[in-house]
Amino acid sequence: MNNKLRVAIVGSTGYGGVELIRFLQHHPHVEITSVISSSSSGESIADGFPHLTGVINRPLDGVDPVEIAGRADLVFTATPSGVSAKLVPGLLEAGLKVIDLSGDFRIKDGAVYEEWYKHPAPSDELLQQAVYGMAELYGDTVKEKTLISNPGCYPTATLLGLVPAVQAGWIDPSSIIIDAKSGVSGAGRGTNLAYHYAEMNENFKAYKLNKHQHIPEIEQVLGHVAGSPVTVTFTTQLVPMTRGIMSTMYASLVGEHTDRELVDLYRQFYENRPFVRVREPGIWPSTKEVAGSNYCDIGFSVDPRTGRLTIVSVIDNLVKGASGQAIQNLNLMMGWEENLGLNMTPVYP
Amino acid sequence: MNNKLRVAIVGSTGYGGVELIRFLQHHPHVEITSVISSSSSGESIADGFPHLTGVINRPLDGVDPVEIAGRADLVFTATPSGVSAKLVPGLLEAGLKVIDLSGDFRIKDGAVYEEWYKHPAPSDELLQQAVYGMAELYGDTVKEKTLISNPGCYPTATLLGLVPAVQAGWIDPSSIIIDAKSGVSGAGRGTNLAYHYAEMNENFKAYKLNKHQHIPEIEQVLGHVAGSPVTVTFTTQLVPMTRGIMSTMYASLVGEHTDRELVDLYRQFYENRPFVRVREPGIWPSTKEVAGSNYCDIGFSVDPRTGRLTIVSVIDNLVKGASGQAIQNLNLMMGWEENLGLNMTPVYP
Amino acid sequence: MNNKLRVAIVGSTGYGGVELIRFLQHHPHVEITSVISSSSSGESIADGFPHLTGVINRPLDGVDPVEIAGRADLVFTATPSGVSAKLVPGLLEAGLKVIDLSGDFRIKDGAVYEEWYKHPAPSDELLQQAVYGMAELYGDTVKEKTLISNPGCYPTATLLGLVPAVQAGWIDPSSIIIDAKSGVSGAGRGTNLAYHYAEMNENFKAYKLNKHQHIPEIEQVLGHVAGSPVTVTFTTQLVPMTRGIMSTMYASLVGEHTDRELVDLYRQFYENRPFVRVREPGIWPSTKEVAGSNYCDIGFSVDPRTGRLTIVSVIDNLVKGASGQAIQNLNLMMGWEENLGLNMTPVYP
Amino acid sequence: MNNKLRVAIVGSTGYGGVELIRFLQHHPHVEITSVISSSSSGESIADGFPHLTGVINRPLDGVDPVEIAGRADLVFTATPSGVSAKLVPGLLEAGLKVIDLSGDFRIKDGAVYEEWYKHPAPSDELLQQAVYGMAELYGDTVKEKTLISNPGCYPTATLLGLVPAVQAGWIDPSSIIIDAKSGVSGAGRGTNLAYHYAEMNENFKAYKLNKHQHIPEIEQVLGHVAGSPVTVTFTTQLVPMTRGIMSTMYASLVGEHTDRELVDLYRQFYENRPFVRVREPGIWPSTKEVAGSNYCDIGFSVDPRTGRLTIVSVIDNLVKGASGQAIQNLNLMMGWEENLGLNMTPVYP
């Protein structure tokens, strides 16, 4: 009705899906016309998510590209990796614009995708067509495109923290080490002994050291910015909390730079970008300071004793690391203001 | 500027204050023109609350009624009990409307106030002038008043859960037992060994049994609804979580009633009220299902074996239990739609 | 070897099983000669529980009564309800003594068992043979028996809190209301969306109101103590923590009694019992104060305004509510000191 | 009485103090003859720590070296840094043996101490006399000494993880980067807004980057092992949990080494040491796997792509990182078995 953009969400019963609903409910130019789940089709979404009672009462639709195209202009695919690869071609053929949150269209080189993701890559044509939608770095390239690949949660926190320094040539890309920590919602809603409350509470766990599929995504962007291939050491760890990522990054400084200079460099880099906030020297952000919001907050520590720079970057993994950034991409695709529907203050405490 | 209502917040550096800011930032008819803290005057509010960086950059003002009246039309006093009693008379004299979150103006009988709160009551004139702003019960009386006393967090969850059944005569008021649980943010931001993370984590604590100052507030309303004095057994307990209250309530049924009848009774009672949601029979709400939102969700269990009714009622203590309800009162005072600025989906998970 | 009692544990890969191992490792008269799991037979127990690396390196055995009887004198069955009912007869026939943690042998009336547990009861002969092993109440009856039914977690906290007052006739049994809260480990180690960290963290949930299978167990004991049938209102709730139960109990006082008198009554009742600690008037225990230990701590609040008594009782659900109490029963069966192997200080903070 | 060692604990009302009590209660050769607190002298320790009710009922003594020497043979000083520096000389003069947990006697160079700790160093004579008691590295030097300086929590996890590889020459000491995370109990029991439950829950925080006073302690040992000065990059972070440290360490490999070789090297290095457990290749320990125990668990990830080694090391900060290690030092001083009183299985879950 009227002239709002009609939007469908595939994967509505995951955490990414419900966060899309939370934000899009308040988006002035969007109407959610279909919420889709292959597993729960026919049920009301509020049966599985009682917090949505009275917010959205729509029954869940099935996954049929033609039907979706009859109801919507654009679709968010908040599906597991591997599922999107199979689903998206049909959605595009049916004439839909697609913003994909799965990771399947992030890696330009299909062979690299298959090495890290362990299942077949989408067609090379689609991989080249997909635009990597990290707004603060590639926002200009998103406008009027039809297939946007939304960045991963760890890469978002990490790349927003590293790119300005790499681009300025202030750090040595070959020295980069990334120690990343995530809340448990990053693992999704699937049941697994590892995410059982009694196993995860009062527990800090390392997993997938040097094997995480976000490594090639980070290296692809850093290599692009640095102008030559970059390899990184990358550790992922689970924190006993629901939301939040902190990426703590280490690199050798090239030349001498102070915390003050870093702060100024980053503030200039992110000028006019509404969602990156750079802390004053000697202050580092904590994950709770961005919870529920689309912000990425960054702080620095130059250590003259070792000649190294430490960068701390935090996001809410479900917002800036997934659904919020996807809506930011929607806004840029459509030529709207970047922060429409996303202008939420962090929920503190 | 323009014709928005100019609003000031006293106690901006407490949790109630920052939640008022979070919601009022998005209120279409309101402009925050002063954030006030006696203890931190002159500093920026974002120094103490970095999550507000870029959201509100205003320096904190001091507490001077005349200055406040020069900047604002209405003031929220999110101050500790005892402080409001002294501050509010001056604010009213200076011509401000006041919505008080402290508890100082909730008890109509000054002697009862002093017995439970352990400090001197405000003048009887002000106690009688103050309107107890529980929208779903007394919403009609709030319009165009100048002093609103915002309900307590425990009484909000409890009374919304009990009043329809008491008013219908379906439960015996003399049998009411209330077992209430709160997240730790309810204790405020003051430092205290009891709220130290290492003491409170993995811990469930009972406190102030039968002594909590919210008891006379609950009894005052129940007595009013029942038509004669009511005394209740009331237990307060701290849950190792930040936000949320669950009030579990027990009473003897008068006559036979099913869960279905209870659900229907409550849905009818709260018809057209946007913030109360009643669960289907056999389903009870959990605190996370209302987190960050102004909802109060309610469920029932009739036990034919014992002839008793159990009622489960949940709110976010900082929203429906404090700041959200205060804004709901603002809307009703001003004759605006009840949910303006409050239309937020719960943040889940 | 030597003359230690040889003990086997069936269900070694559940939380009850690993807690048995933790305590029995330090028991002076016991040797664990077999750890048994139907699902993981052949693997090392430390594969699934790396915290046991170097503590116990034994491979998991299968469930064969004759083999077990060849290796052990006594077996703990820490199996799900329904499994023990089928397994225990064979273990007894093979000549083993059995301490069962499952619940299958707690209810004397098979029909009542089937109504609440929803599967077939064990034979009436075994139900009558089984001794309900709540040491502080029935410790004298345990000695030299062959089948002990270990009490449930909720009943343990609840009955230790209620029985002295009921027996003294100080409270009206028909008025008893029990509001119980448990940490998530009480749900066991099975995966289930409800226990996913992201769903349970920052969440307080009510479940199974008036339907929990521990209700007939509580009523059976209270009826026995009161001398006539008792029905109770019983609410179960999950707390976002791993360990701990608090049972908050309400009843109408018969006659006038002070907190001081209650404290004295209970201290006398539990004299010489090493694991019940009664707090001074006006002080209530919190769950963390017993974590990791076999204590049950109790406090009171008499409310002269309502004539009701509130009792607060806390235990560690996995210790006094399961494995610790099972070892206490072992000690009593064997005629050893009640606290052998159990003399652990709570782990605080 | 009898011939147990008489032990006093100064700082009994901190977390280090109560953990000493928990373990020493079960130590076969030790009797606690005095628990001492400057702030709470005269009160019962169970008033402030109700979990100790019935475990230790002793009233708290004041801090008087001569009185202490009358009651005890050896004293643990679990006092804040700066306090021990002033207190320990008097204790030694009074003829007591001292195991100091404060950090004041760890740094051999007083000027370095003052630079990092920001208050005056103890006398150089005492600094040289003090033996740094990291059992697995310097256990042989502890025997029969009178002043033991117990290592810091972060240095314990870090050095046990790094020293074997540094000593073997398998990693380049100049490349070491340490990303350390701690539970909140590491901050002690003092009240502070930063440790308020509502601020710390659902929050992951970086603090004191490159400024933490444990840096010179780590560098002193690594320099000693490497044979020349070492500087490290060191990040400290708070995890929303009570107990546990994970130290994640990065270094460039010298030569090629596999995870298998690392595991073998470390197992050989720690042979016969009861408290270090090395995980199989591809498996990393989590903090909960050592909770409540004196274990340090270690895992590895060699990354051939970058030529770097990642080492993961976990301890319970209050046990192996403080009180447990102090008792380990006691055992070595006295020539007893290293694990006396410490043979506790981790408390899981």
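Order as written gives the chain letters A, B, C and D; numbering starts at 1 within each chain.
Here is the rule we go by: a residue touches a chain if its C-beta (ideal position, glycine included) is under 8 Å from a C-beta of that chain, and two chains touch if they have at least 3 such contacts.
Only a predicted model underlies this, so the values are computations on that prediction, with no experimental measurement involved.
Participant: Where the contacts of subunit C and subunit D overlap, which chains show up?
Facilitator: Chains that touch both subunit C and subunit D, as defined above, are A, B.
Participant: Per the definition at the top, count C-beta pairs in contact and tell me whether A-D or A-C has more.
Facilitator: Between A-D and A-C, the larger count of C-beta pairs in contact belongs to A-D.
Participant: Sharing more than half its contact pairs with B-C, counted by residue number, which one of A-B, C-D or A-D qualifies?
Facilitator: Equivalent chain pair to B-C in A-B, C-D or A-D: A-D.
Participant: On a CA-centroid basis, which chain has its centre farthest from subunit A's?
Facilitator: Greatest centre separation from subunit A goes to chain C.
Participant: Using mean CA coordinates as chain centres, what's the subunit A-subunit B distance in Å?
Facilitator: 36
Participant: Rounded to the nearest whole Å, what is the centre-to-centre distance of subunit A and subunit C, using the mean of the C-alpha atoms as each centre?
Facilitator: About 46 Å separates the centre of subunit A from that of subunit C.
Participant: For subunit A versus subunit D, what separation do you get between their C-alpha means, in angstrom?
Facilitator: Using C-alpha averages as centres, the distance is 39 Å.
Participant: For subunit D, write out the residues touching at least two other chains, lowest number first.
Facilitator: In subunit D, residues 15, 183, 185, 198-199, 201-202, 240-243, 288, 291, 349 touch at least two other chains, as defined above.
Participant: Sort out for me which residues of subunit B touch subunit D in the complex.
Facilitator: That would be residues 15, 183-185, 187, 189, 191-193, 195-202, 240-242 of subunit B.
Participant: Which part of subunit A faces subunit D closely enough to touch in the complex?
Facilitator: Contact set of subunit A toward subunit D: 177, 179, 181, 183, 198-199, 201-207, 209-210, 231-233, 235, 237, 239-244, 246, 248, 250, 284, 286-288, 291, 299, 301, 303, 305-306, 308, 310, 312, 314, 349.
Participant: Along subunit C, where are the residues that touch subunit D in the complex?
Facilitator: Those in contact with subunit D are residues 15, 18, 21-22, 25-26, 49-55, 185, 201-202, 242-243, 277, 279, 283, 285, 288-293, 295, 297, 343-349.
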